[in-house]
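Below is a structure I'd like to ask you about.
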Amino acid sequence: MGMVGGGKDAFIGAIHRIAANMDGLIELSCGALSINPEIAKDSAQTLFLPEDRTYLTYEEMIQKEAALPADKRMDFLTIVTPNFAHFAPAMAALNSGFHVVIEKPMTFTLDEAKELKKKLDETGLLLCLTHTYSGYPMVKQARQMAQNGALGKIRKIIVEYPQGWLSKLSEREGNAQAAWRTDPKKSGKSGSMGDIGTHAAHLAEYISGLKIIKLCADLNTMVESRMLDDDGSVLLRFDNGAVGVLIASQIAAGEENALKIRIYGEKGGIEWAQMEPNTLVVKWLDQPTQLLRAGSNYTNMLSSFATHNCRTPGGHPEGYLEAFGNIYRNFALTLQSKLSGTEPSKEALDFPGVDEGIRGMAFIDTVVASNLSDQKWTEFME
Amino acid sequence: MGMVGGGKDAFIGAIHRIAANMDGLIELSCGALSINPEIAKDSAQTLFLPEDRTYLTYEEMIQKEAALPADKRMDFLTIVTPNFAHFAPAMAALNSGFHVVIEKPMTFTLDEAKELKKKLDETGLLLCLTHTYSGYPMVKQARQMAQNGALGKIRKIIVEYPQGWLSKLSEREGNAQAAWRTDPKKSGKSGSMGDIGTHAAHLAEYISGLKIIKLCADLNTMVESRMLDDDGSVLLRFDNGAVGVLIASQIAAGEENALKIRIYGEKGGIEWAQMEPNTLVVKWLDQPTQLLRAGSNYTNMLSSFATHNCRTPGGHPEGYLEAFGNIYRNFALTLQSKLSGTEPSKEALDFPGVDEGIRGMAFIDTVVASNLSDQKWTEFME
Amino acid sequence: MGMVGGGKDAFIGAIHRIAANMDGLIELSCGALSINPEIAKDSAQTLFLPEDRTYLTYEEMIQKEAALPADKRMDFLTIVTPNFAHFAPAMAALNSGFHVVIEKPMTFTLDEAKELKKKLDETGLLLCLTHTYSGYPMVKQARQMAQNGALGKIRKIIVEYPQGWLSKLSEREGNAQAAWRTDPKKSGKSGSMGDIGTHAAHLAEYISGLKIIKLCADLNTMVESRMLDDDGSVLLRFDNGAVGVLIASQIAAGEENALKIRIYGEKGGIEWAQMEPNTLVVKWLDQPTQLLRAGSNYTNMLSSFATHNCRTPGGHPEGYLEAFGNIYRNFALTLQSKLSGTEPSKEALDFPGVDEGIRGMAFIDTVVASNLSDQKWTEFME
Amino acid sequence: MGMVGGGKDAFIGAIHRIAANMDGLIELSCGALSINPEIAKDSAQTLFLPEDRTYLTYEEMIQKEAALPADKRMDFLTIVTPNFAHFAPAMAALNSGFHVVIEKPMTFTLDEAKELKKKLDETGLLLCLTHTYSGYPMVKQARQMAQNGALGKIRKIIVEYPQGWLSKLSEREGNAQAAWRTDPKKSGKSGSMGDIGTHAAHLAEYISGLKIIKLCADLNTMVESRMLDDDGSVLLRFDNGAVGVLIASQIAAGEENALKIRIYGEKGGIEWAQMEPNTLVVKWLDQPTQLLRAGSNYTNMLSSFATHNCRTPGGHPEGYLEAFGNIYRNFALTLQSKLSGTEPSKEALDFPGVDEGIRGMAFIDTVVASNLSDQKWTEFME
């Protein structure tokens, strides 16, 4: 694995490395870790990268790695730069025959997203999009139950993602994360929806198997002088007739990372909260609520997708890093199969890719358009 | 206290009687408990009402009670009939000099609500509207904190009220509660919003001290053949610039009565859930979350409105009936003061009345209008 | 109902009155509310008692009430005085043909408890012991499940009752509750075990249907200068071979009233916590945990004892006062049946009485003896 | 890192590998992964170990690794075999100059534990004992608060560790884990206390900074035909006068891995539960309960020991594997410092070692002796 971005002080790069390390399937072998050469070198040294595979630009990395013998070069490139700098290295990597892993949102614009898909179709290479939350075992379980009819026809979806970290104008107080994420030139058209709303929308579609077909968005900039929206609420309509609400806020003061989803069908409902991720609450119309637990011993009641993504028995909590690790692990297993000419398991194949990336970019476009419109409903513009 | 409605098999009448009994301040002395004479008599007997104060109609009750000596007649009339039958007995009672307690929503139409207010202004009589949830001590605490600046300027309000009890077409299966509540002739213009949305809207305004100024509603009838909406989601704008979301659903299968509100300001947020009512979760931007508990011993941190509405020390859970009892108790204390010519305490005066009833009816009108409109926003039509 | 004790400023008397009022079955008709005549009179007036039934001593009350015509006199006497003053009024009442309700622990000594039983056997009168916590519907449900084999043979019981209210030497700081409860002349041989340990022991035996046969106690006085133990932990052995632990502490700083019980059998376990009383957590060896909820609609899964003791549908939390009210209501229903010569239902008969009172006094004697012993085990000395 | 034990199908070996991998500081370089040569080879291959460093016995591994040049050989040996097979490889490794990491309990007997300490004192080598639960950041936070006086003098400690996985006679049903852990020849003198009681005792001493000085134990074998106890409850006395209770059960049917500790002092109490590990509940005598959260932004309120052991911001749950990883990471950081001649940070030095291992073995000896004794108290026999 080679990495673009993710130098010291970056947040998400370190997370990607832990996730990739965890299962002993992936090794960081080279990197262009920062646009600042000092930081790039320092970071590489800290990570025990050899000097000759410490690069200063992604272009250099791709060119030099491509020139290495096949068994020495990186297998894939992980892109953990700010949103505006996803597309170029991804395209360059694909053009040189490298698979790619990209942080969400996949690109800066919907057009870029579609170009990536075209390129993937041409090359047959793999793209993995790190929508972390779909890596949790109980999210997999929820998906299976929502889609196998256990809940009956789905009627209502409520997905919420409150955070409080942008309650102040932190982008002016030296918070580098806040700075680029609230800058439309680096982050994209929407702040709250690009950063966390896309996670929420993806989770809703991933679990339910439904597609948003129209929506009504209210985006707001609650902190004065901020350049992008930091809060949004969206009414949703899905392709099976279900209705929904999506809330994404970065000014919910005192909240940490409280992503939560509830899906109600004719027969019951499921509830999953990221901050207590090992429990899936299953509520029934005519029976007591059940708590399904990751890693539990009633294995016949848990989907193979849930058990495949657990490392420990019930009661040994796995968390965010393991969910992230599951995305990498499944990508790595699929890549191994591909390289060895075998068929990956359906569980390994279950990681987000370019189609989810396109949905995400289209979601951003649609909520921004809806927010500007006086009309109640705006069609989903994929 | 006299009672209209609330015979055997009715749900809310029994609740009102327990709430009124609880503190030994109020005695049920007469009733017209059902339009069915048999049920009216049977119910009265079960409740130890004397035969001569067992009435068959509210007209009879009001007339005969008014004819009793002042110290023998009922002090006030409690109206626990279906929504369409609130206005007539209320107006009759007021016309005969009786104070009234009414179940929410206050009336069938906004016009009726305004007429009641006019009559109250003329007569100086009291009207108490049983928005039960505002009777909880930790709701009072939330109100004080939201309004005394503890949270800073309020930015976002999320209030939700999911229930699952109308997930099936129960109104056709002999469920009397379901039958009238889904019948537009008895319940009013909206099902979900009349029955529970008004509670949610009231709670949001009661705690925050803000007023909804415009909204965007999506009402849905998710169970086929039902005559009224059973689900709704509403985007909100408040008069101080805050934004919000209100969700009220009767088809959230597996949910009991999960009213919950979150209010976020610049400095922190509060969260209160009806099903764990003795805890107010207070989240701070820069400090650990605190759990404020009803009846606790750090009395200097609890508002007098919270402590006034507790009967037991912390850890002895009080619930729905006590919250309901608080409405009655405060109404009774205010009435006692009025009758004895003294000034009621500010804590006793804190019960919902006709203004809240008008807001509720206007809320129903506005969400129904918004739902029919193609425009995103509809002004609140009080 | 007549009341001994429970004047203004007393804690538990007010609770008894709310509990008795709640269901409209019981009326406070007379009282000897304090040994202080001023307080006795003031309190009676506040409670709307007629002057001629406001008494200054229990002896006077029993004598004068007995002299009233049968349909005018009180039906039963409620005794809410400190522990040392339970026996004399109870015996006097029984001698004059009045039924009694007594706060726990039933008496000051085990001998007194046995004398009461003898008297009840002679007179056929009723005695109700207000072990409040056994009045909760989900405790009833737990009892049915533990005793009908749902959990398999019971193996382990953990019952704990941490409170923090005696963490300081409050008895010297004007806290009247603390003063008598830590005074061996008023409270009895043990502080923590008399006040709350008896509740815990009763709950364990009530739910499990098992009897403690031996125990090993460690009682401690953790606050210097206190006259009675304020903390204790006890190892338990039950008559079916099950083992257990009982913890009762009044110096668990920061705890409110955190009574909790867990019972594990061969097939599963149940967990009930008084501070979240409407949920019974049922854990299974090979299936997901279930949350059984008071008032829920899966009535076929709830015992008739649970449903009989609920007043509201699921999601409308009932609490401590309702549990207390259930004790009174069941006592009143049983008394009504007795007076009318009918058979009370088995659900009505389910309230604690003299046998539970004797077990409680014997428990206190046994833990105190064990605490003084060097031997590990002390036989239960009933 | 070399590994003894931990072949395919072993539980804890895989956990150790993930924990060691996580932070990119440690690499598995060789192993004697099973006493079964087939399994040893297969397992090594799956883990990408080179053939020439795949060994069949620990003796072979230690001998051949010692013969490698210093920069090629393993730095330390991790021992993840059953308890009876800890001492021999540990002693052999130390004798050959390798540091060691050992699963708990450290040895089979207390004497072995003391011998290891003697050897460490002689050689100056490092020993790390993987008492995982002390690796959680909120356990570190609890330790700091308990020991810096925030809670006042500590009075009561309740530590419990209920599991249900041995509710059946699984050792006869092909469960390999159950088989060796219930076999006194492989596991040691006590089942429940060796396997999980030692974790609980360590946690109590680690957080509180107190030492158990005497105890009263009741060990039981609740599943017929089992060869070792599967349940135990212990009364505790600590060296500062505090009292306590320790419960460890493997037959608490339906429980997963519910380790929980509560520590009460004069001013407040703390509560930490392994299954919700990112929250430390802090209860105060006179103030609202606080929820301290791992990774939160009120960094001045969190100990440096807590923040050092977090990888992600608040709301991104870290779990069991990260806690385990913290033990390895701190050991690795300390080892790096040692190898580079620098001083490790106090945070890095904070991992369990031989002294904790001796306490653990002495704890097992003492509870077993106490269980056999008729006397209430048995002195802690270190």
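Letters A, B, C and D mark the chains as written, and numbering starts fresh at 1 in each.
Operating definition for what follows: a residue touches a chain if its C-beta (ideal position, glycine included) is under 8 Å from a C-beta of that chain, and two chains touch if they have at least 3 such contacts.
Keep in mind it's a predicted model, so treat the numbers as computed, not measured.
With contact taken as defined at the outset, chain B and chain C are each touched by A, D. Compared on C-beta pairs in contact, C-D and A-C come out with C-D as the pair having more.
Between the CA-based centres of chain A and chain C the separation comes to 55 Å, rounded to the whole angstrom. Each chain gets one centre point, the mean of its Cα atoms, and the points for chain A and chain D are 34 Å apart. The mean-CA centres of chain C and chain D are about 43 angstrom from one another, to the nearest whole unit. Counting partner chains per residue, chain D shows two or more touched chains at residues 255, 282, 289, 293, 296-297. Those residues of chain B that touch chain A in the complex are listed here as 151-152, 155-156, 158, 160, 162, 164, 167-168, 216, 218, 220, 222, 231, 233, 235, 243-245, 247, 249, 251-255, 262, 264-269, 282-285, 289, 373-377.
Those residues of chain C that touch chain B in the complex are listed here as 11, 14-15, 17-18, 21-24, 28, 47-48, 163, 165, 255-258, 274-278, 293, 296-297, 311-322. Interface residues of chain D facing chain B in the complex, by the touch rule stated above, are 282, 286-293, 296-298, 301.
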